[in-house]
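First, the structure itself, so that you have it in front of you.
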Amino acid sequence: QSKIALISHAPDSDSWWNTIKNSVKQAGEDYGVQVDYRNPANGDLADMARLIEQAAAQGYDGVIVTIADYNVLQSSIKKLTDKKIPVITINSGTTEQSEKLGAIMHVGQPEYEAGKGAGMRAKADGVKSFLCVNHYATNPASFERCRGFAEAIGADFKKSTIDSGEDPTGIEAKVSAYLRQNPTTGAVLTLGPTSAHPTLKVLEKAGLKGKMWMATFDLSDEISKGIKDGSVKFGIDQQPYLQGYIPVAVLATMKSTKSTDLAAVSAAVKANAKTAARFAEYGLAPAYGPRHIGSGPGFVTKENIGKVEKYAGQYR
Amino acid sequence: MTPQAPNPAPAAPTDDRVREVSPLRKLMSRPEFGALAGTLLVIAMFAVSAGGSGMFSAEGVVNWSTVAAYLGVLAVGAALLMIAGEFDLSVGSMIGFAGMLLAIPALYWGWPLWLATVFAFAVALALGWLNGWLVVRTGLPSFIVTLAFFFILRGLSLAVSVIFTGKTILSGNGDLVLRDMFATDPVISFFFHGYTLTGVFDALARMGVIAARDDGTALATGLPKAVVWWFALTAAGAFVLARTRMGNWIQAVGGDANAAKNVGIPVARVKISLFVFMAFCSTVFAVLQVADAGSAAADRGLQKEFEAIIAAVIGGCLLTGGYGSVVGAAFGALIFGMVQIGIGYTSIDNNWYRVFLGLMLLIAVLFNNYIRTRFALGRR
Amino acid sequence: MTPQAPNPAPAAPTDDRVREVSPLRKLMSRPEFGALAGTLLVIAMFAVSAGGSGMFSAEGVVNWSTVAAYLGVLAVGAALLMIAGEFDLSVGSMIGFAGMLLAIPALYWGWPLWLATVFAFAVALALGWLNGWLVVRTGLPSFIVTLAFFFILRGLSLAVSVIFTGKTILSGNGDLVLRDMFATDPVISFFFHGYTLTGVFDALARMGVIAARDDGTALATGLPKAVVWWFALTAAGAFVLARTRMGNWIQAVGGDANAAKNVGIPVARVKISLFVFMAFCSTVFAVLQVADAGSAAADRGLQKEFEAIIAAVIGGCLLTGGYGSVVGAAFGALIFGMVQIGIGYTSIDNNWYRVFLGLMLLIAVLFNNYIRTRFALGRR
Amino acid sequence: MTDYILQLEDVSKYFGSVIALGGVTLRLRRGEVHCLLGDNGAGKSTLIKTLAGVHAPDKGQYILEGKPVRFNSPREALDLGIGTVYQDLALVPLMSVARNFFMGREPVKKLFGFLPVMDHHHAARTAGDKLRDMGIRIRDANQMIGTMSGGEKQCLAIARAIHFGAKVLILDEPTAALGVKQSANVLKLIAKARARGISVIFITHNVNHAYPIADSFTLLNRGKSLGTYLKKDVSKDEVLDMMAGGEEMQKLMADLDGVTI
Amino acid sequence: MTDYILQLEDVSKYFGSVIALGGVTLRLRRGEVHCLLGDNGAGKSTLIKTLAGVHAPDKGQYILEGKPVRFNSPREALDLGIGTVYQDLALVPLMSVARNFFMGREPVKKLFGFLPVMDHHHAARTAGDKLRDMGIRIRDANQMIGTMSGGEKQCLAIARAIHFGAKVLILDEPTAALGVKQSANVLKLIAKARARGISVIFITHNVNHAYPIADSFTLLNRGKSLGTYLKKDVSKDEVLDMMAGGEEMQKLMADLDGVTI
């Protein structure tokens, strides 16, 4: 049985990654490989570099990494390629960086673009100012989402962002303080369930629920409820399931077919019945490219929430 | 309230070796006074820099006092434990774990909410006991023992929630919605959910004293239950420390465990009970937060152990044990909570948030210390 | 090495009040022995559970020893500071800030790398001095003072990097690439960048002792500079503590600051120098990491203050000061680093990571403590 | 019932390689004042800590009122009526006089008829009174112990042990830091305790304190007992020579004239 | 140059509302042994801490060799040759005998000819020798102070102060915890120091230690000085009455027969 490792940059408290963990488990079952999920406990990138080196020392059959920071990970990823371990990059980072790192493919979608995509929708709704609730400010990449959104609507990124911390009580208090302080704020963007839930409570308490334009990254039970009742315009869904599932499927197929032809491997994954069934069940739609595969941004709105809702936080 | 007995001294007031000292100075020499002064300074600073921002409106006050209250609940336990010379680093992890212990039975095993709550308390207290027992039994520093639980409990919250539910944030399961369960269970709701004194707030709103919603009810719904717990636990903790035998034992154990043992104080029992009490405070925090947020999550309570210690130290507790005040710790929580949230009411650029947080803390504590030593009597 | 003088006692060996005790037991009673035993136990546990996974291959060893080395660099400073009775919570923030202090001048102000590095060291040491000065001057607990800097410096790293560069991760600016600058500056590169003993490793690879790349060079490039720093700082710290006047002063200040002051030890100077030394260790960490990662970022060093304290405590330093060992702290860093990374080499599900981390720590420390008290001589 | 309220039979105590006590036998008669003499480091404090339950003997037997006992903590000894003043006093510097006095045995009253609280008023008054009886005037029973003078602290520790009137009173150098008046008071208190039938073990290096009050003497030397003597069998000078570790006072004092100890 | 090596003129020291010293004058002649007497809590330790630079006086002047001084730390007093044995000894329990002995004044040797290191061998030998001179046999100079007996600790503190032979030696109850032999040795050491021209301030509650050795006595009572007396002007019994705070010994001892203090 071949062994694959997925190394993320997320601290293990981040709920979004739970979907990825679930997806690699299922992919492992579907393709008969063992997948180890690894992450730096505190989200420290330097620790992540060590984990990548560790994967090299362990001699995995394939390694999936996030490009949390191109420069930091460059030399450690080289340790993998030196050992001829196939690498697939996921989540953050760009396809160019992925290619420069010598990865065979990239599955994901950069933070800035996701933020910008959401911002474009907001702009269409006439939003001119906003508040970005960042519960993960210690990871600098998270600000890219806020920046993308801000630049799309033409707002001042620095003035519109708060470092909310991860404690729901604190988030609630800080958001409500900000809104109180900036009563003209036109919209709220939250970066995930951790910040979305308390923010929803603030809006509810202030009587702004449904009135204030709000969108969020990622999904959870609570968020899908909000989408249904209209208090959340949409959830920006990166389809994390795909980011975990597809690389495992690709690496496993490459190994089992002993092929390095990416197109053929992609096709085989696409054609796999188990895979197709999973994607259909969870309502996922990967954008297969010639080399890279896009996983988003999918916008989950009132219209398509039905399919997603059941699995929010688990497979969606 | 103070570690010293509050009663008047029996010594003759006309002792030739006692100087006249004004009663005001005497008042100011009480250990809480420094923390109170620090609090007033922080209020003054925000009154100047964020006066018109609504920070001191009813909603504003409820807003930051909720943050202070959550922290304050933990600070009571942390202060008592610190006075007894120990630390508990597993507080934050315990909060996450206790939330899971409540949510999983309630949502996935079909238990009634009250039973799930009792279960969460029971398991948490047992873990607190284990913490204390290991510290007392092995003689290892509590720092190391509770550090192990810091990791273990955080890991368990994650593992348990994934195993039983496949998710890491639990707010409902099919028809069962945690928020509704809290709203409908009368007992649990009374203790942990929502607000109290809503009538008073609404009346004030109708009188135009505080801001109202369109429907005439107060914008600030009421006094959050967390604040009530904060006051209640602080009062209880201060009472125990100042007025009971146990309070005397706590101070003695922290001041000199060896001396305490030699005069027959059951050192192990005192320490273990305080670890259990700390677990109780953590669980109260967890249940309040689950009720408030309507969900439990594996990452709840991150770094709360740290903040609880900060609050206790700001409030004048000695890190080395033996001296401190529960009321001081409550002020410490208030200072820390107010500074954390208050910065959001000022027009300070968010990039500077931490810088100001650090500076304000330093100023508050320096001032507090200045007052304390300036007016301290009979101490050096 | 030990806080006790290593020389033989001049007392007559035929004292009628001394029992015969075997030399082995005497050896085992040294404070480092417990930490060494803990380390061996951890190695044994991994040899069983992750023996075939490459954990003990050359790359594997380099891998986890790098983690231990980074932590060990901090542990030296933290141990000495703890022995002197103080803490520094600003270590982690200092790491982030020092990285910024290096990267911004080098990339945005056009300074040569060596000058930027000197600048980073100078400012960091000055901040360390300020930390110490405030502690000594105000008499506040160092916990609170350095906590303020914990916030302030983290905030400054963020604010400064955003102001000067608009980014929070700095790896290059136009043509200037930090990674290349490190590779080309001979002095800085010699001290902080890359590996040493590469020739030896390559030779071993050619002899087939360790794994090789296609081109015949060793897969494990060499001994990382971080490991060299770790050994050097540990040796220096242990030497200072055991053999110099300063070492005696450090122990005295931590053991009883009052007594130390009364016998004329310059308590303030000792404490301040240790804060400066701690800042030095943090900056070494920062520069090594910037060189290794090729970038500086505002979030570097998160929680490192905490891990440094953990390593020192595992290594047998007393949190209350006055007793401890630098070599012990190095073993503490090794235990913690090895456990952290080693779990990844076993087939344990990641959800259980923290649970195992906590358990292994507890076991290692319990064992360490058992050995220490079991064989301790002349102590209770 | 035996004659002895408390016996140590052939007790040894080791600290690592150090033999602190090597086979010591000590028998305390009911209602006597038994003086334990010995040089510095002879093992007196170790012996009384063994009696008080702080150390468990490594060898030998501890017999209380005829029954062998083994204490796991000082509390057990206290509960059986053995009160001790340790050489290091067992006071907590950061606590007040009153709180230290009643530490471990706090006076309790009911607040509102049901809440058991510490009776601070009673504690402060009692502590102040007892100290005044010994010749110490404290200004404020809420003063921290840490700010008191050496002698004041020692008086507090003694007053505490005597107040909780035990069956056996063990005093480890109680008069070491005391002034003349206070020492006299302590000796009086010992005499009073004996009159009440309490047995006392008394350690001192001052023969002028030891000889008048004691009924018997046990001499420790380098961890071993050199025997027990009744007062009627030895003179003050013999006791003094014993205290000096067998060397004669004359020799010791040769260089200094006029000194008598 | 004045007759006095050290003078305190009308010095007061307050702790909050407590008047620890209220206008005390003390003059120490060159080469004399000056005995400071007084009840517990009279302010003796506070006075000598003022001399040693631990406390700065709140009022009054401190004159050293005719020049007014103001010390900010004990180090300054030490550097001017004022060595002190504090009542609480100023030892660090977790450090070894040798390290404590040389604390603050470590003997240094050069390793490899340039690296200044502490000379542990010399330290251990010196500490062991000096203690043996005082009648204390230590088994191991690397033993922790915390495990030594009360008297052993006190001897170490005294040996240390005397070894670093200062111009002025201040001893706060040095013989309190000492055995007969050790006390005699300390008195001999004081006599020797005087012979070398060192001035000594000596606090004790034992008149048998005070009277033979002292040249003059100053009596403190409740923070105030009751005057200085030369030995030739007072008898031992008068000194004893002074020590008892003015009460006469006879009255004090009325209840106990045979006791002389």
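Lettered A, B, C, D and E in written order, each chain numbered from 1.
FYI, a contact is a pair of C-beta atoms (placed from the backbone, for glycine too) under 8 Å apart; a residue touches a chain by one contact, two chains touch by 3 or more.
Here the structure is a predicted model, which means the values were calculated and not measured.
S.K.: What is the set of chains touching both chain D and chain E?
M.R.: Intersection of chain D and chain E contact lists gives B, C.
S.K.: Kindly list the shared contact partners of chain B and chain E, in label order.
M.R.: Per touch definition, common to chain B and chain E: C, D.
S.K.: Suppose chain centres are the mean of their C-alpha atoms. Which chain sits farthest from chain E?
M.R.: Here the answer is chain A, farthest from chain E.
S.K.: Based on the averaged CA atom positions, which chain is farthest from chain D?
M.R.: A
S.K.: Using the average of all C-alpha atoms in each chain as its centre, how far is it in Å between chain C and chain E?
M.R.: That gives a centre separation of 44 Å.
S.K.: Counting only Cα atoms for the centres, state how far chain B is from chain C in Å.
M.R.: Going by mean C-alpha positions, chain B sits 33 Å from chain C.
S.K.: Go ahead and note the Å separation of the Cα centroids belonging to chain C and chain D.
M.R.: 49
S.K.: List the centre-to-centre spacing of chain A and chain E in whole Å, with centres computed as mean CA coordinates.
M.R.: Chain A and chain E have C-alpha centres separated by 73 Å.
S.K.: Please output the residue numbers of chain E that touch at least 2 other chains, ranges allowed.
M.R.: Where chain E meets two or more other chains at a single residue, that happens at 15, 18, 88, 137, 139, 147.
S.K.: Check each residue of chain A and list the ones that touch at least two other chains.
M.R.: Within chain A, residues 12, 21, 158 contact more than one other chain.
S.K.: Mind pulling the residue numbers of chain B that touch at least two other chains?
M.R.: 17-18, 154, 158, 162, 318, 349, 351, 353-354, 378-380
S.K.: Report the complete set of touching chain pairs.
M.R.: Per the contact definition above, the touching pairs are A-B, A-C, B-C, B-D, B-E, C-D, C-E, D-E.
S.K.: Per the contact definition, I'd like the list of chain D residues that touch chain C in the complex.
M.R.: 14-20, 22, 222-223
S.K.: Quick one: in the complex, what on chain B touches chain D?
M.R.: The contact residues of chain B facing chain D are 3-7, 9-11, 15, 17-18, 243-245, 247-249, 251-252, 255-256, 258-266, 318, 322-323, 378-380.
S.K.: Using the touch rule from the top, collect the residues of chain D that touch chain B in their complex.
M.R.: Checking each residue of chain D against chain B gives 52, 54, 73-75, 78-79, 84, 86, 88-96, 98-99, 102-106, 108, 111, 116-118, 120-121, 123-125, 128-129, 137-144, 147.
S.K.: Which part of chain B faces chain A closely enough to touch in the complex?
M.R.: So the residues of chain B touching chain A come out as 50, 53-55, 59-60, 63-64, 66-67, 70, 154, 158, 162, 166-169, 171-172, 213-214, 219, 221, 226, 289, 292-295, 297-302, 304, 340-342, 344-345, 347, 349-351, 353-354.
S.K.: Report the residues of chain A in contact with chain B in the complex, numbered from low to high.
M.R.: Touch residues, chain A against chain B: 12-15, 18, 21-22, 158-159, 161-163, 166-170, 172-174, 176-178, 180-181, 193-194, 197-198, 201, 205-207, 220-222, 313-314.
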